[in-house]
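Got some structures for you, see below.
Heads up, the next two complexes both have chain A, just with different partners, chain B and then chain C.
Moving on to the complex of A and B:
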């Protein structure tokens, strides 16, 4: 039976896929980053449709900052951030195609073949979900959560370090000169 | 019905913000001035710059207005006068207001103008400065209320308002709210006299009117959020609850608009430095103190 909930999930799912495609259809780095943002926002809306209120709101909140920051990194690193020179954004086409198909099949296999246990017929109310999530994050899932956090922080520091021009020390003056 | 009433009140509030802003800048109290200014803007031609990113250029003013409106939906004016009392209300305010950044980035990148683009990227830096000072004080407020419901947060302040319970959080949240609404001295993103209006520079006519309306709604929403989080919301003696909400919100708005008039515009690097080296340690201290108070006090 198709319910309103299923319709919403389908709609936002399609929107997420469409914006994901738009990421590679545009030449502009900022458009690309913001298309990815709207793809992630649609995922957040899917969470909301599935009555996972806290996760949905959190996804919608976090992605806005993250994708905006990604936009400025893309503008900094790319030679043609505005896309006016028709730079080709895609490369290693065969490898990425194979990697994409393999990960898609793997993700679908995980979704279909994993024993998810009994499926709850009624979702707990939103306040209870927040409590449950907090206890989960500070208990069983703490190590995973913290590892992911540290990994992201390391990647951000490394990316910033790469973006800063190399400093050439001048021993005679004892000052640092930036080399461009 | 409630939704319509609250949207009407929000419109009236935004108009009053415009009157107060006019008063703080010109020194004259003119009730009709914003109406004339709006008419003038709507009457003018709305120019689209050459080689602009049309999608972003058109979306930005509307997105700014929508994100401020969405944040306003979870703010209670009385115990029942609220559009939707979400179980994640305190988080939702922040989630909606992050899209102010997305709107300003679009407004900066879209019109293909140097001043606008500098203004847009500046706001990204500004977000990195103020974002933690929005989230961390809210965390401390939520810790006391033991709920993300905005109505519950107001009820939790029945004995003692949060401005007394956690004054440090109030100061940080107030300053961060001013930075979020890009009010002086944090108006780096518009920076009149330096960036010629920054993200507003390339907008004119009806589009500029929507942009300015969005910012007015943003200011009143933030003032209402400060009232809900720190000033006991609708609580107060003698007067009815809605009157207390209105008085407090207008008082906070006036404070926000006046405070910046007597300070020079802050530099981007100074803002980042102070927020990260002073603000975030203070916000963490605030969380620690509130945590101890919650444990010690009944």
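Moving on to the complex of A and C:
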């Protein structure tokens, strides 16, 4: 039987996939970033439909920020961020298409043919879920959670170190010059 | 199997397929990163669906989603760091031109 939940999941899932396809179909890099933002937001709405309230809200908030930053970088790095020149930035299209379709078909086959066991009809309410997740993060999974935090910090330091311009020391004058 | 779980898994599979296509076909570093984001998004949908329809009383399922979100953030951070360094050195983030390490 088709439930309202199934309808919402189907609708937002379709939206997420459609905007995911649009990311690689438009010539404008800014539009690509916006399409990815819409795709991830639809995914957040899908999480809400699946009663994962905390994750849904987190997904929407995080991706809105992440994709806005991505759009800014697009404008910075591209000669033609508006896509007016319709420049083609693809290669090995046929191979990529085949790889994409094969992965999709394989994943769907696994989804359809595997016996997933009994289906749970009810999930804990939003408040209980958040309490459970908090206890999980600060209990059994604390080491994993802390490792994730340290890894993000390491990535931030590494990215900053890579991104700042190299400084060339001039031994005769004892001054530092930024290399451009 | 419930229709809700099937729909969620098909969505995850489709996002994974689109992401694979994007990551392999694009020549711009930022566009390749977008493909990887879609692949990780596909993984996230599956994790949420498995948590909701198979093990709703196990919060570790939600914790895995947080870890995938962390991986997405790290991928963006390191990717943009590399993109800035590359753009500063070569004036472009086109990966077709990145043959410096080619033997």
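The rule is short, and it goes like this: the second predicted complex is superposed on the first by the 112 of 180 C-alpha atoms of A that agree within 3 Å, B and C clash if a C-alpha of one lies under 4 Å from a C-alpha of the other, contacts with A are read in each partner's own complex, and residues count from 1 in each chain.
Throughout what follows, contacts are C-beta pairs under 8 Å (C-beta built on N, C-alpha and C of every residue); 3 or more make two chains touch, one makes a residue touch a chain.
Keep in mind the model is a prediction, meaning the values are calculated, not measured.
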Kindly classify A:70 by the partners it touches after superposition: chain B alone (first), chain C alone (second), both, or neither?
-> second
Does chain B (first) or chain C (second) touch A:54, or do both, or does neither?
-> both
Broader residue contact with chain A after superposition on the shared chain, chain B or chain C = C
Counting only touches as set out at the top, which of chain B and chain C does A:126 meet: first, second, both, neither?
-> first
Between chain B (first) and chain C (second), which does A:34 come into contact with in this model arrangement: first, second, both, or neither?
-> first
Examine A:90 and indicate which partner it touches, taking first as chain B and second as chain C; both and neither are also allowed.
-> second
Show which residues of chain A both chain B and chain C reach, each in its own complex.
-> 54, 58, 69, 129
Going by the contact rule at the top, pick out the chain B residues touching chain A in the complex.
-> 53, 55-56, 86-88, 91-92, 94-95, 98-99, 101-102, 105-106, 109, 121, 124, 127-128, 131, 147-149
Name, in rising order, each residue of chain C that touches chain A in their complex.
-> 1-22, 24-28, 30-31, 33-35, 37-38, 41-42, 44-45, 48-49, 51-57, 59-60, 62-63, 65-67, 69-70, 72-74, 76-78, 80-85, 87-88, 93-94, 96
Of all residues in chain A, those that touch chain B in their complex = 28, 30-31, 34, 37, 53-54, 57-58, 60-61, 64-65, 68-69, 71-72, 125-127, 129-130
Counting only contacts in the complex, chain A reaches chain C at residues 1-3, 5-6, 9-10, 13-14, 16-17, 20-21, 23-24, 29, 32-33, 36, 39-40, 43, 46-47, 50-52, 54-55, 58-59, 62, 66, 69-70, 73-74, 76-78, 89-93, 95-97, 99-101, 103-104, 107-108, 111-112, 115-117, 119-120, 122-124, 129, 132-133, 135-137, 140-141, 144-145, 148, 151-152, 155-156, 158-163, 165, 180
